[in-house]
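Next, two complexes with chain A in common: one pairs it with chain B, the other with chain C.
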Partner chain A sequence: MSKTTRSEMAPWPLVMLIAAPLPLGLLDGAAIYWPQAPAVALCYAVSLLCLLLRGLTRTPRTEAALLFLGVASACLSPFLLLADGVDPSSGAGTWMYLFGASLLLWRVLALLAEETGLLRWLGPTLFGLGLLMGWEIITRGFAVPSVLLPPPSSILAAIPTHGGELWDDFCQTVLKSVVRGYLIGCGAGFVVAVLADRLPFLARGLLPLGNLASAIPVVGIAPVMVMWFGFDWQSKAAVIVIMTFFPMLINTLAGLATAEKIQLDLMRSYGAGYGKTLWLLRLPCALPFLFNGLKINSTLALIGAIVAEFFGTPVVGMGFRISTEVARMNLDVVWATITVAAVTGSALYGGLALAERRLTAWHPSFRKR
Partner chain B sequence: MQAPLPPVPPPQTVPPAAIARTIVDARNVTLTYQTADKPVYALSDVSLKINKGDFISLIGPSGCGKTTLMRTIADLEQPTSGEIIVNGMTPEAARLKRAYGYVFQAPALYPWRSVERNVTLPLEIMGMPAAERQQRARDHLEMVGLAGFEKKFPWQLSGGMQQRVSIARALAFEPDLLLMDEPFGALDEITRDHLNLQLTRLWLQTQKTCIFVTHSIAEAVFLSTRIVVMSPRPGKILDVIDCEQHLPRERTLDIRETPEFAHIAQRVREGLMEGHSYDD
Partner chain C sequence: MMTERLRTHLLPVAVMALAVLALWYAGALWLNAPQVLDGFARAHTDHWTLSEFARQAFSQKRPILPTPDQIASEMVQSLTGYPVTHVRNLLFHTAVTAGSALTGFGMGVVLGILLAIGIVQVKTLESSLLPWVITSQTIPVLAIAPMVVVILGNIGFSGLLPKAVISMYLCFFPITIGMVKGLRSADPLSLDLMRTYSANGQQTFWLLRLPSALPYLFTSLKIAVAASVVGAIVAELPTGGQAGLGARLLSGSYYGQTVQIWSALVMSALLSVSLVWLIGLMERFVVTGKRGGTR
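For the complex of A and B:
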């Protein structure tokens, strides 16, 4: 990476200079200023120094590292104030300083956007951490009631303290309901699509039903499934099967139709029968569509299981946990469960996306990599 | 190239002499498509005999049925009436016995398979053991001048190279008959000349029978032992020109400058103009 390509920085982070004459917050009802909080003033000095010394750096990487130090010390300051018992919510100086720091983070991210190799993940990681830090600072700085929105740190703290419950919920919802429902739903959708492709009357009969099924609200079908299949995972799996069957069916059918006539003629000229044509030509052609269906369904399955658990479950499961802990105002547990669900969903989706990239590397949308 | 096989008794219905010589025999072939408003006569009473070792070009304006005739020989279309015999069998039996290799207008390579595995595709379908498949693919890729490209993917190759892969694929299972439907139509002139030269060498080397569809008079004259001139609406054969009387079997690009070449080209052009109605 050449140092000559570095773009100029807009001077906006200098808005943190406006913070100098402004109050930092209230201590026992009285406004306090920078001299009364030497530790915070030191952070401020570090940030300004980083800004000033920026011109001395020679590569984007060192500039990013230096400016990141400035951002980090700005992030530290509200916590120092809170530790001293200062209420920063009305401290215009503090917020102006942080505003300047977030503009500085922007510059850091812009510098890192050029990175390649392993370092290219640094930008997105810092972006995510920046959002979490903003959440933490705002909820704690303004003392947002944790019933409304707990800071990420207390959500994180709730995960180990409620680890046992969360693990049991994970086993019940993900390992029992989601995995089984997903496999049955996607598998059945795939098999029926292959059959429907062979028997056109089946496709013509099923596709209108597919539109109908995709319009069924999960909150409507879930209580019925609980009545049919009982409280345990079977009813959740049934809801998931209903939600995932048609997306898979429709995607598989569309995928099987993508083989070109000339490619089919080629197989015919080799005297290849239905099975060999399916296996060697039509399924590989359909792979991008199959993955599309699988990815859509991975998120649908998790949503389906959690919503279905609201309508009756043994006393375990993510949906059950959310509904009961909301009622008890234990919002940190609710948020911890939401976090586990979000991470699980992302992991499923990410795993499928990786597999897709490996198996369909030939597809025009991936070729350039 | 081929291991000596024990003599196989020929099918009873056709006399042995005919099998040895005639590889494609089309008799009064007619093919009509039913479209929404009126029937389209793609082929009308076409009769053609093609001998073993021939290089036949089908030439004619667009829509004259040359591709249709070839697809009928390949059992990719069924004639409405008339009869075709390929290698002493019906086209369907010949197709199921993999009697021909078909090279399409586009390379039709499978993008998820490497060049080598594209060439081994027909061999896999035939159930050949893996080691032998690989050897065959390497031999035939070398034959079309693509040694060293085995592990590449089709989309990493130029159009001309892709078409050569598809020719290697058609040759790989060593069919007696090679059907080529405007294989170089989408390529530039220089590449086309180069591939024409390679193709005529390949044909001499392998002793295959080739049927070649083209729009280009020069290409047809350069490659063929016989040129079949066709006319549209309805598709029928106007003229069959024997080039072997005038041109040697082994050819270089220079022969295109000879008077014999010009003479045959002139005859093809006359045939095409006769059959072509410019008034509509």
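For the complex of A and C:
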């Protein structure tokens, strides 16, 4: 992390300079330039100053912070223009400035790529924020109709205004369908795998079936389950059980096979029986595989519930909300629901990943970090 | 050797398949019983034998659970009774689904490989993009399927492309992850050898890294092609039942045509399995060295 390891910056962000003579946008049909928009010109000056002062910084971290200031003030400028009633969509200067700023952000990311510890998440976070910012600026700058793509800010605004609905959908889809289906499906897969491990005949019969199940679109079973179990959460849970059973089965079987012969011999020399060996040696060895199965299933479970809701549901639930609001062109509610689903999916996955790290800290794949 | 293999591998599979079939028929008997009893009550048939009951349960017009032979005969009738371009021919719907799945698969392969090359070659991309590639998959992607179809429909794209986009989204992830792993799996000894030949970065990439990534690529391709079929089927749901296996599923569920649903399901399974098999066949031709990259 010393100064000498810092790579040289390519001069590309200097394309910002091209923006200087170009128009910023249209105000009442007339093109306006930098002097007519002092606040934006100030942003521009700040960005250029950050570029100039870059050479004075001593560590990658301070350089990244300085350049980030330049990027941030660039991001501010289109909103200042919009607030003044300027239409920036034809303003070549604005877009050239922003293009330069995105190249500058790239440099910031490159500087942060070397970070370790908690700071190593800063790079991906900035990248994600940059994508959101680009989405916001493009949808608002070009006045994209919200039927096509609403800007992130209006999606965010839709979350509190439709909070009640979103919460009800969350309860119906996640708390009722997903959690129950997931627990039953993974539990059944696990129990059958342990049984199959005890009876090799069963395992040899089930494995090809499991491989087949991983190749076929199991989610297609949803309409059948809706017919059998009705519109409420039971049918969704049933789809999830079927979708999650085989991944869990296959992963558990693979995991139970990982204990090494020498370890098994050691357990035998201690006089440990089948149960003790399973509990103390083979299941802990299988944990990475179990978590792999649980993680795959966490995504599958949400997909299963939402797709099953397309086939019929009581008037609540994420899949129902998405399909009805799409038909009514309320795209911000749709996106808000998707945000909730995305956050739920990521939280499930992240929680499992944390638990995995807690429980399998001994595993080689975690040692290096 | 052969009989040994037969005993240890084929026998359990055969027993399992038979058990599934037996369970299926038992399930059909059980689930269709109320319908049959209802029918008997309406016809005032008080005395019926078990065989009569079973025959009725296995030949309901709209059974809760159709039997495998009902599904098979429906499929045979649909495949042979109409010309291939007819709406009632299942092959027509399969072709529609396969078309969008394969288009999406192709796009996903290109996107996935390009992302993987970018991630392997550019350090900044690895640290900032890779976490998002992984996060993108924790999002229930299929939830946005109807919206993508509607959005793309609004800007004038309809038909194949929206469905292909969804397939692509499902496809690219396993390919990116597999390729990243594969491109990094080149043997250090061989890398050193390339250096002694003074090969430059590009030569090393084309002659060593890419070939050594192929086994990983094919493993990912198999996962991805199965995912692309799922994507295409789900993407057909919101288009309102025009063509495709997903549309068959939806219209079957609207009109309570269980046999139609099940034959569409079997067809999609066949499509998916044969695509995976095709990839496996290609793999055998392309990858001649030792196989690796299991997942």
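Please note the rule applied: the second predicted complex is superposed on the first by the 355 of 369 C-alpha atoms of A that agree within 3 Å, B and C clash if a C-alpha of one lies under 4 Å from a C-alpha of the other, contacts with A are read in each partner's own complex, and residues count from 1 in each chain.
In this section, contacts are C-beta pairs under 8 Å (C-beta built on N, C-alpha and C of every residue); 3 or more make two chains touch, one makes a residue touch a chain.
Nothing here was measured: the structure is a model prediction, and the numbers come from that model.
With chain A as the common reference, the superposed partners chain B and chain C fit together side by side.
In the superposed model, A:L206 makes contact with chain C only, not with chain B.
Of the two partner chains placed by superposition, A:A355 touches none, neither chain B nor chain C.
Within the superposed three-chain arrangement, the count of touched residues of chain A is higher for C, of the candidates chain B and chain C. With both structures placed on the common chain, the touch criterion links A:A143 to neither chain B nor chain C.
Put simply, the three-chain overlay gives an angle of 80° at chain A, taking C-alpha centres for chain B and chain C and rounding to the nearest 10. Looking at the shared chain after the overlay, A:R268 reaches chain B, while chain C stays out of its contact range.
Once the two complexes are overlaid on the shared chain, A:I216 sits against chain C while remaining clear of chain B. Here chain B and chain C sit at a least CA-CA distance of 9 Å once the structures share a frame through chain A. Shared interface residues of chain A (contacting chain B in one complex, chain C in the other): none.
Of all residues in chain A, only 106, 109-110, 112-113, 120-121, 123-124, 126-128, 131, 147-149, 201-206, 208-209, 212, 214-217, 219-224, 226-228, 298-299, 302-303, 306-307, 310-312, 318-319, 322-323, 326, 331, 334, 337-338, 341-342, 345-346, 348-350 touch chain C in the complex they form.
Touching chain A in their complex are the following residues of chain B: 74-76, 95-98, 100-102, 104-106, 108, 110-112, 121-122, 124-126, 153, 155. For chain A in complex with chain B, the touching residues are 260, 262-263, 265-272, 276, 280-281, 284, 287, 360, 362-364, 367. Residues of chain C touching chain A in their complex: 8-9, 12-13, 15-16, 19-20, 31, 64-65, 123-124, 126-132, 135, 137-144, 146-147, 150-151, 154-155, 222, 226, 229-230, 233-234, 237-238, 245-246, 249-250, 252-253, 256, 258, 261-262, 264-265, 268-269, 272-273, 276.
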